[in-house]
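Chain IDs A, B, C and D follow the sequence of writing; residue 1 opens each chain.
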Amino acid sequence: MKSTVKAALAAAVSLCAVTAAQADTVKVAFIDPLSGAMASSGEPAYQSFVLAAEHINANGGVNGDEIEVVGYDNKVSPKESLVQLQKAIDNGARYIVQGNGSSVAAAIIDAVNKHNQRNPGEEVLFFNYAAVTPDFTNDACSFWHFRFDAHADMKMNGITDWVAKRDDIKKVYLIGQDYVFGEAVAAAAESQLSEKRPDIEIVGNELHPLAKVKDFTPYVQKIISSGADAVITGNWGQDMVLLVKAAADAGQEIPYLTFYGGSNGAVAALGEGAVDTLYQVSELAANMEDVSPEQNALVEEYKERFPDYDYYYHRAFVTMDMFKAAAEKAGSNDPIDVAYALEGLSVPGGYGEATMRAEDHQIQQPLYITTVAHDVTYPVDNTDLGWRLVDGGVISAESAMEPTTCEMERPE
Amino acid sequence: MTAALDITDLHKSFGPAKIIQGVNLSVAKGERHAIIGPNGAGKSTLFNLISGRFLPSSGEVRLNGALISGKKPFEINRMGLSRSFQVSNIFTNMTVRENVRCGVLHSMGYGYSFWRNIGNLREVSEKTAHILNEVGLLEKGNTPAALLPYADQRTLEIAITIAGGAEVILLDEPTAGMSHSETDRAVALIEKASKGKTLVIVEHDMGVVFNLADRISVLVYGEIIATGTPEQIRGDARVREAYLGEEAEDAA
Amino acid sequence: MTDMTATYAGLEPTRAEKFRQRTVPLILFALVLLVIPLFNPSRSMITLLNHMGITIVFALSYNMLLGRAGLLSFGHAVYMGLGGYFAVHVMNWVAEGTGFWGAVPIFSMPAFGFGAGALAGAIIGWPSCRRSGTPFAMISLGVAELVAAAGFMFDSLFGGEMGVSADRMAGPEFLGLSLGPVDEVYWFIAFWTFIGVLGTYAFTRTPLGKLSEATRDNAERVQFVGYNPQRVRYLVFIFAGAFAGMAGGMSAVQDEIFTPESLSLVPSGAILIATYVGGIRYFTGPIMGAIVMTYMGSNLSDYTVGWLLYLGLMFVGVVMFLPNGIAGIVYGTADTLRAGRLGEVWQSWLLRLAGLVLIAVSVITIIEVAFRWSDGYGEVFEPFGLSLATTNPLTWILGVLPLVLGVVLVLKAAKGESK
Amino acid sequence: METLVFALLNGVIYGLLLFMLSSGLTLIFSMMGVLNFAHASFYMLGAYLAFTIMEGTSFWIALFLAPVLVGLVGMVVERYGLRRVHAQGHVAELLFTFGLAYLIDELVKIFWGRTAVNYRVPELLDFPLFTLYGAQYPAYRIFILFVAAFMLVALWYLLKKTRAGLIIQAALTHPNMVGSLGHNVPLIFMTVFGVGCALAGLAGVIGGNYFVTDPAMAVQMGPIVFVVVVVGGLGSLEGAFVAAMLIGLLQTSAISINASLADIFGFLGLGPHTEVGEITIASMAPMLPFLMLVLILMIRPRGLMGDREI
């Protein structure tokens, strides 16, 4: 955090100075919540990017230049993000990193598109590491936007692939938050399941109010009465935690397949109740066998450096690795060159190869279904519980892949 | 000729407590009418009923023949009845001039206007100045009302009441708490301001009452037990018994 | 009559006074707006200035309620949000460019926001303004919750989570401004900020504006001078909504996006804090509050993660010790200086200043050390090369001693002044 | 049917928790006229303190100690904060508590971190009590029921049967009268504020592990508590009780209704695939309290059982 403060001080000092990108550092602006309640998702991601940059710098940097990750606190507000974006650009950042909240991401994509159009020669790239709205790499795709996380439909692909493999699952219950995202998740689950396992019955498709339900027992009761064998939900935050908590309280022992089960503090809040109930789909499986010792060393280093959090944002490291690889392939740190070089680029990645698809700038990588278990090498939330890969939980990049409707417009 | 104020069989109760029990009163145009009575007789309640602050339980109040009971205070005010309060009821954070100007505005036809600069309203300024001059507060026009001495606040209370040029003016104990000299000045002001208008006044100071009033009504336990000229009232036995007698004994 | 008008002329501000007290500040304000670009501010500085302009208009509209009409609202962002949303939709119609809309310049968006805000105020104000005081505050809270919830429900109007975005470069140019680069947007914001300041100020000078103050002071008495206080409140509410909507229109052009969060309790709370900290008793108070809070909101987080705590402390401090806010200090100081009383008070002022600085030293030490301790990365607060770890006794000395000393000094200063 | 039973059971528990929270606020609001924005922050403080005390000792000590500590904090706040602002009127008081809520939120984040803490149900109560329609029912919920009922009886006894209670009752209905009867009004205010906060703290202790103990818990509860107080009415604990149960039941049972507006208003021509028609009763459940708040304030400003208008 010290480096942030210093960097921020420097940023503030140069606030009135004329824009000038320094030759010896590549500035990467991290725009996400760094204070307030939402900082618990922004901060670990920020630290992941800082750590990734440190590693790259220790290995000679990018084309000989050092990477500097500067944090900008956007307070999860789209408008404030635009102020911080302008600040970042003025401070010479040509690479923007953000992930928390599709509303913020949409605002930044829009603003970056306009900025690049209005300020030729001063283009910036946006690396999105967590905003999962499929649209960003479909109809609303942009040459300036790269997504380093599987989007919602791909994650659902991972979940439904796994469900399809499980013959004992005959009935599935869908529950989600009542807004665009929850609706999209439910629709994707429904269509994918009917395609992959037409025999599975969707015994419930429920949307509940966003972030307002205090007690999910009535919903869990509905789920129990429906005789469901598995529950799929896109819920995040307290809606996810309270749902699974109510299920555990009611003694339910069926999989709750989530996108965000791995977010900070969820396992701590659920404790024992999460075991074999809470499942998540993500691009990392820290306790998986045959992971390279370097990757495990990274997980350990992260925990040592930031004891409050766990190694979760694997994609931050993938993002930075790909950035370095692209810049060196292009032999330039200029955003347009890097963007072209990123298209179709592959990097090994700690948990399987990751490729940036050229047509829509959507990363393709293996996904993993994991659940909460005892006796793991890397427990989380400072409990003795951690994420264990489930049987058949490896989803190859090809299976997770989704077609795109993107019609990319490239400059020149 | 219709009376300025005509009250017929007015009743008001709060729960089981009957405060006003069948008041009948008629005040002629141009008359100065005083209402006296012991504490708790219902004088202020009667004013509140006339001015629309309270709704009567039953009965009627007519202003120049038009029914006003049941109407809202601001409607009654617009029909030409204005009142003051026993406890100073002014706009404390505004200056004296602004206080009076608020009283003037509506009568000059500036409703809720938001398209005019108040400083450019010539007639409003002149009327305000005229009233400030009349009540003797011209010098203190730019003083915040909250900072005025007590007697001046009472005067301002009257100034706001008469500012709108209402034909019927109700004054609720205008001289309460004033010294002798202040009272004298207030009485002079009231005389001047109510010239050609109908005045109804509640007052404890008998000197003021007998000096000022054309006619007097005596309110006891929510009923008017007597109405008449000051001489008639002075001579009325029931009044003596119910009211003046007690006063006299108290004084002794 | 003549002699009296003469006396009265002494009562009313003279033409020269009016010019000095009313016109000159406005001219100065306009000059400041004109001069700022000469300093060649960076684009992020301009972006910040633009947001300040928007917040100034928003805060002034809020103070029409809180300061001038005595109505505490917890949902004022609803009107800015609805005004802004309407403006964003209009911008999209303009971009389509068919019929009437093709001829509308984006420059005029705040006027559309103004209309939409007024309409929203007229509809929502109808039930709300029947009560004042705490019930009004509670109704505004309930309405804000309901509108914010509706914002997430009706995607076709509010665009769901991602909101609605637009392009400010669409439509015909006005005054040669393409509105592309932020420095051109600056002129747009400057123009409308000036209009907003002028408009809200002019409102205070109208009969309705004066009646709103009268209603705040004494709603009952207003009834007995022929006005319906509910009606006064309602009309003021509509105007407050309109100017908030205007700020929304400005924001629509500056940020080119509106999201449902903009309707929620968070921005409503923020404008309440900004206005109150600025000083609700003065017309210029909200302007000062808007400038200070916008700056702090966007930049304090660069210096410390504890910025929210500092803001909270500042707000509580103002509520407890400075009910007239920043403007209260500014005008109080100016009055003292003008009255030539500096000689009498400089000692206690100095004492108080020293005390406040000492208190600040302690508070900052405590907060910064606490945040670092809380993060648990073993990071150390190092102001001016000092290493203030939790184990360092100096940390505790700096956290306590100046605080005690500062409180003593401030109390002493207060005692001296009350004598 | 099953859903309804569960909705009722949970509605009652949620309602009791709400009442525990809002009873304190009703006392404070009725006597002092202060609509304490920070009230839910004291609820949060109770949960966090209980978590810390429980780590060092046991849940049972936390159950008694945490509310007492919260009450003491409340008294300090009243004595050195609120009392100072009192002279400037109700708006200033409201704003003070508004800022205080902000501060408590931030302080909680400093001391306990920004994510949820692992505040557990005590082992003694961590078992399923019975099974109903195939779902286990945790014993802890019944424990909440008992604590709430005990508090209800204790509060009733305190107010109706003790001298202090009589004074408080008098102060509830006639806040201005008590001072003239020679009672030490500032002391009464401080005590009531402290007790009110302690009740909120108690709700936090038993609600924190029933729900989730995280820094957002105050913000989520805050507005609902206001609704209970306003709907219940000034000066009426009975009203607060009825309102709390009403809102508890309303919120838990409305979410189990699947009907959409089109189902209900279809006869008016509202199509099931229009944006309005698609809204379900369940998704409107969280809005109902606020709708109620606005309606009550407009139609019946004295609340359900209040003795005077707000």
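What we mean here is this: a residue touches a chain if its C-beta (ideal position, glycine included) is under 8 Å from a C-beta of that chain, and two chains touch if they have at least 3 such contacts.
In this text, all values refer to a predicted model and were calculated from it rather than measured experimentally.
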Open item on the list: Using C-alpha centres only, name the chain that sits farthest from chain A.
Closed with: B
- [ ] Work out per-chain C-alpha centres and flag the one nearest the whole-protein C-alpha centre.
- [x] C
Open item on the list: I'd like to verify one number: the distance from the centre of chain B to the centre of chain D, where each centre is the average of its C-alpha atoms, in whole angstrom.
Closed with: 48
TODO: Just give me the whole-number Å value for how far the CA centre of chain C lies from that of chain D.
DONE: 32
TODO: List the centre-to-centre spacing of chain A and chain B in whole Å, with centres computed as mean CA coordinates.
DONE: 74
TODO: Just give me the whole-number Å value for how far the CA centre of chain A lies from that of chain C.
DONE: 36
Task: For chain D, residues that touch 2 or more chains besides their own - done: 109, 113, 283, 286
Task: Interface hub residues of chain A, defined as touching at least two other chains - done: 39, 308
Task: chain B, residues touching no fewer than two other chains - done: none
Open item on the list: Show me, using the given definition of touch, all chain pairs that touch one another.
Closed with: A-C, A-D, B-C, C-D
Open item on the list: So in the complex, the part of chain B that touches chain C is made up of which residues?
Closed with: 51-53, 72-74, 77-78, 82-83, 85, 89-94, 97-98, 101-103, 105-107, 110-119, 121, 125-126, 128-130, 132-133, 138, 141-142, 160-161, 163-164
Task: In the complex, chain C residues that touch chain D - done: 66, 70, 72, 127, 130-131, 133-135, 137-139, 141-143, 145-146, 149, 153-156, 265, 269, 272-273, 276, 306, 308-309, 311-313, 315-316, 319-320, 323, 370-371, 374
TODO: Can you check the complex and tell me which residues of chain C touch chain A?
DONE: 39-45, 47-48, 51, 152, 155, 160-163, 165, 167, 169, 180-182, 251, 255-257, 259, 261-262, 266, 297-299, 301-308, 372, 375-377, 379, 382
Task: Residues on chain A engaged by chain C in the complex (per definition of touch) - done: 1-2, 5, 8-9, 11-12, 15-19, 34-36, 39, 72-73, 75, 77-80, 82-84, 86-87, 89-91, 101-103, 106-107, 110-111, 114, 118-119, 133, 179-181, 210, 305-308
Task: Of chain D, residues touching chain A in the complex - done: 2-3, 6-7, 10, 14, 105, 109, 113-118, 120, 128, 131, 133-138, 211-216, 220, 251-253, 255-256, 280, 282-286
